[in-house]
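Both complexes shown next keep chain A, but they swap its partner, so chain B is in the first and chain C is in the second.
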Partner chain A sequence: MATETAAPPPPPEAGTAAPPPDGAPLSPHLRLWRHYALVKVRKAVVVVFVVANVTFFLGRAMPGDPIDVMAGRLTQGGMSLEEARIIAANSLAYDPDAPLWAQWWDFIVGLVTFDMGMTINRPGFSVAESIAAYLPWTLFSIGAGTLVSITLGLALGMVMAYRRNRLLDHVLSVVASVLGAIPNYLIAMLLVVGGGMYLSWFNPISLRGTLSPGVEPGFNAEFLGDALYHAGLPIFTYVLAIIGTWMLVMKASTTEVLSEDYVTVARARGLRDRRIATSYVGRNAILPLVAQIAISFGTLVGGAIFVEQVLVYKGIGGLLLDAVEYRDYPLLQGLLVVLTTCVVAANLVADLLYSRLDPRIRK
Partner chain B sequence: MTASPAAPAPPQGPLLSVRGVDVGYRTGRRSRSTAVHDVSFDLHPGQSMALVGESGCGKTTLGLGLLRLLPRTGVVSAGEILFRRKDGRTVDVRSLAREELRRFRWSEAAMVFQGAMNAFNPVLRIEDHFLDTFRAHERGRARRRAGIREESAALLEMVRLDPARVLGAFPHELSGGMRQRALIALALALKPQLLILDEPTTALDLLTQQAIVERLSELREELRFSMLFITHDLGLAAELADRVGTMYAGRLIETGTTRDIFHRPSHPYTSALINSVPPVSGDLVVPESLPGGPPGLSSLPPGCSFAPRCRHAVERCRETRPELEVLHTRGGGLSHAAACLRSRELAAEGATRD
Partner chain C sequence: MAVSTAAPGGAGVWGAIWHGVTRSTSGFIGLCIVVGVLLFAFVGPFFVDTHNPTDVTKIWGPITSEHWLGTNHEGKDTFVQLVLGGREPIWVGIVAALITVAIAVALGGVAGYVRGRIDHFLLQLTDITMTIPFIVLMLVVASFYRTASPMVVAFIIGLVTWPYLMRSIRAQVLTLREREFVEAARLQDLGTARILFTEVLPNMAGYIFVNFIIAITNAIYAVVGMYLLGLLPSTAANWGLMIQQAWDNNAFLVPAAAPFLVAPMVMIMLFQIGLVTMTRSLEQALNPRLRDR
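Right, the complex of A and B next:
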């Protein structure tokens, strides 16, 4: 590797710090970072590939195939099993006799070409179309929930650390621990039963679904407002589900940073409290937590399947359950690959963000 | 080494006058332990005073207390810390309001901390530390970044660092010695009248220590700030200080010029400290160790707190607590005083001589 020791740039004239001209060699910091980013992206791709294969084989390892499942349903209507199997085989785009390796090859080719084929049980819909119809709602509600809870959790955690062992800290600690201990689908149930039925703060029936009847997607106030109205309950559930953990983790991290020498030195230097709280305490306290943003997001993606069922929110959760129940292999694989990709992408973003925020990590 | 006769005391009197200061830590809901008892001394402009003593004697607590930088549980519970500011007005640091205190820190009195490894925010460049410091203390219009950068570069050059390399670096990219120099440069940024140094060279190798100490004493000549430095390295004290104060169990038990302390120590503890350091030249003697350690803050003996470890202790030492007694009067805070009931007898016997 050529080790060109980039000559230090000539000292800039006072007051005219010109940006480096185009084509100038990247600064060593940036070059290191680019290398770091490449390594991380490569790892992410490998993870997605491995998970995709696991989902493929796991799906097929489940007892029964799409035709069994459909035939089973048809026999409940009084049809003989033989007859039902023939009808099911004719109406579904699935060939049970195709060898496993051929199916696997189709799947991999589909992955690489971003064409995941047709669903088995949703005639006329491709996998991509089905996912595109449901995924945005889930990503929107989870994304908003993650964002709100992390922002609030970090702020409250910092306040707790600054006032540790005072009344406010004790109260918030109890609240955070309780919230952290309740599973997210229970929080959803508590909200519906408590807020919707007993206290009548809202009408849980009209909140169902992702949009009110008659509202068309489009970039207008009516659509956005209605989407938020329907997403409110899931978002609130997600916020409550993870905010407790964030408060406690941030409190611990902030408390640790507050005892660092550089904070005392910053006070000795006469910096303003606000400056110390943001650039010295806050930034260093958040650093070790950045990686956990992705973990939170991943947890919520898993939890969304239950929460969406409880709140009758038409996101990806219901679709995934259907895909499992009817053994809709292409849809199941497609969904899991897309969800995995989302979580891995969140991890990747967190990693890259971390490396930008912490100069010590770029190597 | 010569203990230079101190410059004639300027007429205005001391820069820092510490009067009967107690510093305590809250240990429970209603309990408090006192780490520094009734410490008084005057520091005159241009003087350099070393505070020596074992670990746990309250030196660092006192240093932090002077700038009210104690951790949350610590408080200066009694006394006055009078400081004559650049504008000539004398203020009591204890009664400064929040914003006044913030402006006082670093512009009047700066502090270089023990183990500067960690004194810089790891996510900010050295340049940003200078920028933050200047910005926090400017009044009125914000200064141009370029101007601050130039001034920071000059400060770094003063401590023999290459600004082109250091300004844009993150703290972890610098060696320990470079960080310590950078911190000293940062400490001098606002031209403070007083520099408090807490174990400024402890974590550094001997050559780096030496270089930093030399540079510090040159800078003191140049910039004429006063210095209060806390150390358990007696060699460093002998080299950098005009005066030495010995602390034991939270009290100042002996104070005098460097010559007084090293040649005529009048408290058995001071002489024990000196005897525990092997001499660099001369015959090889086995350094004497002083058995035991300082008493716990909650279990101070009623008499002299050093009595349990003192070879010369007699019955009355265990009953009466000695006050600082002036043995040799000089102006400018340079009197020799010791808090030992038997200091005169022992001096006559030659027992505290080394």
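Right, the complex of A and C next:
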């Protein structure tokens, strides 16, 4: 389940995960679920649409436009402001005199046709190309980090619940609290300072970027190894940053389940401990956490900007900062739409999965 | 009932909070750390010489008796900066948390108590605010105020971080409003605002306080992060700014520069860890269901 939330389907700009197509006559149970799913999908689309509009106007409301920014840079080279503005206006694909509603209409058309047009400040690159060049790295590192930390966190949390109030539990609780309290970018810095400089386990400078120079993307061992090598530090950062929370949440959830009657009955029936732990306790303890996994993915997308900036990992964070900095409206809008779609899609998958797993939710 | 303080009423709440923090060793240690950091940041400045000149002959100076933590890339004394640099992020954290909690309590309380259309609308608003990663929202809003004062920063952070708390407060109000004492108040026709603010919300005071502390940690995370991205103006000494300057000047490559980078990191981590440990102990005290876990 974590995989599905960690790596939502490559986001189409409108962000609709189609409900499962079933042709055959449906059981009332399934029909009810389909209705629920439809309502949820409709809601998700509305949210993405509203957010897209909000970000459109937020972006335009920022002081200055792409031409101001570029002209500002040119004047630093000693050019007069008028001259700089003319050059900037000629070299950028942005018409400052186009009325806002026309820009908005272009944006909406672009949204619906999945074509967000060209970027302003990355000549020759369309918005889609730019995003496609950076987004996979972010999704890959966040996804891997989430997957590893949740798997480990859930397992450790269960162990803690089984051994609660023993030494192991106390030690792990302290570790989890401490890890959960440290901001993720500080964890990244600590890893670089500690592991990179003092212990010399790795060279933090050569780890920067997403690929070593000369390595071409392709399905071969060299590329995959190099990608993992560069993603290792961000992934490890995400694992450390979120594992603590999951350990504590899972411990609380497991403790609750352990006191349930059906666990006592299972014990009384003489089932083996391992079977009780996996089929009775584990499943029921994870159930309430499914939604939280999706939400944590959403917040992680935001937090990744800091970590990527600190580790100089070329993901979506740097692109977003550039888009804000240069007022690259199409790129900024495209990025925000894609990011919100990822978050909404993750939440949607969690909702649907959750309702499948726990029929009580569907109301 | 998920959460209720031991006794309603002013002194009872603070008593419960004091008891909650001091009832476990870890909670008490957390409190000591927090008080220590606060004293360091707010009382410390009275004991150091705030005149801290740039000195090009002492770039990345080592630790000496004159410079307790060495000097930075401009030859300024690191320890003095550390003492002076705590006020701003902590203030921003507290003010931002106040704003977050105020918005969340007001909207969550109204949505949960009044229900109906308003509830529906507020929930939609929350969903949408929650969906835009708040860092992104902050990036954009921060660009309006390139010369933002700390209070403006606090305001921005408060304005974008309330949705999660709003949802959980709404959920609490939903259950509280069905309780007998609220019904009694309704039968006395006390008026919605009065019931909400004098009957319902005081019953969640402990819970709100815990979330206030959590909101402080989130706000400090956000403000230091914004400094790291270079989005905020470089003003006076500030832990976030120190980290950013150290990182941008590749302090991690110069062994003598380590204190300038690591010292503010340690202060921030200590403060965050102290706050979180405190809230864990407090949460257990306020929530009887958690107590024996």
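Going forward, the second predicted complex is superposed on the first by the 336 of 363 C-alpha atoms of A that agree within 3 Å, B and C clash if a C-alpha of one lies under 4 Å from a C-alpha of the other, contacts with A are read in each partner's own complex, and residues count from 1 in each chain.
Note that a contact is a pair of C-beta atoms (placed from the backbone, for glycine too) under 8 Å apart; a residue touches a chain by one contact, two chains touch by 3 or more.
As the structure is a prediction and not an experimental result, all values here were calculated from the model.
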First (chain B), second (chain C), both or neither touched by A:T138: neither
Touched partner set for A:T119, first chain B, second chain C, both or neither: neither
Touched partner set for A:S296, first chain B, second chain C, both or neither: neither
Chain B versus chain C as contact partner of A:S355, first or second or both or neither: neither
Partner chain in contact with A:V324 - chain B first, chain C second, else both or neither: second
Chain C versus chain B, contacts on chain A by residue: C
Touched partner set for A:V344, first chain B, second chain C, both or neither: second
List of chain A residues in touch with chain B within their complex: 8, 11-12, 14-15, 17, 259-262, 264-272, 275, 279-280, 283-284, 287, 357-360
Touch list for chain A against partner chain C, complex: 47-48, 50-51, 54-55, 58-59, 61-63, 164, 174, 177-178, 180-183, 185-186, 189-190, 192-193, 196-197, 204-205, 251-252, 255, 298-299, 301-303, 305-306, 309-310, 320-321, 324, 336, 339-340, 343-344, 347
Residues of chain B that touch chain A when the two form their complex: 67, 69, 71, 102-107, 110-111, 113, 115-124, 132-133, 136-137, 144, 146-147, 150, 164-165, 170, 172, 183, 186
Contact set on chain C toward chain A in their complex: 26, 127-128, 130-137, 139-141, 143-144, 217, 220-221, 224-225, 228-229, 243, 247, 252-253, 255, 258, 261-262, 265, 268-269, 272-273, 275-277, 280, 290, 293
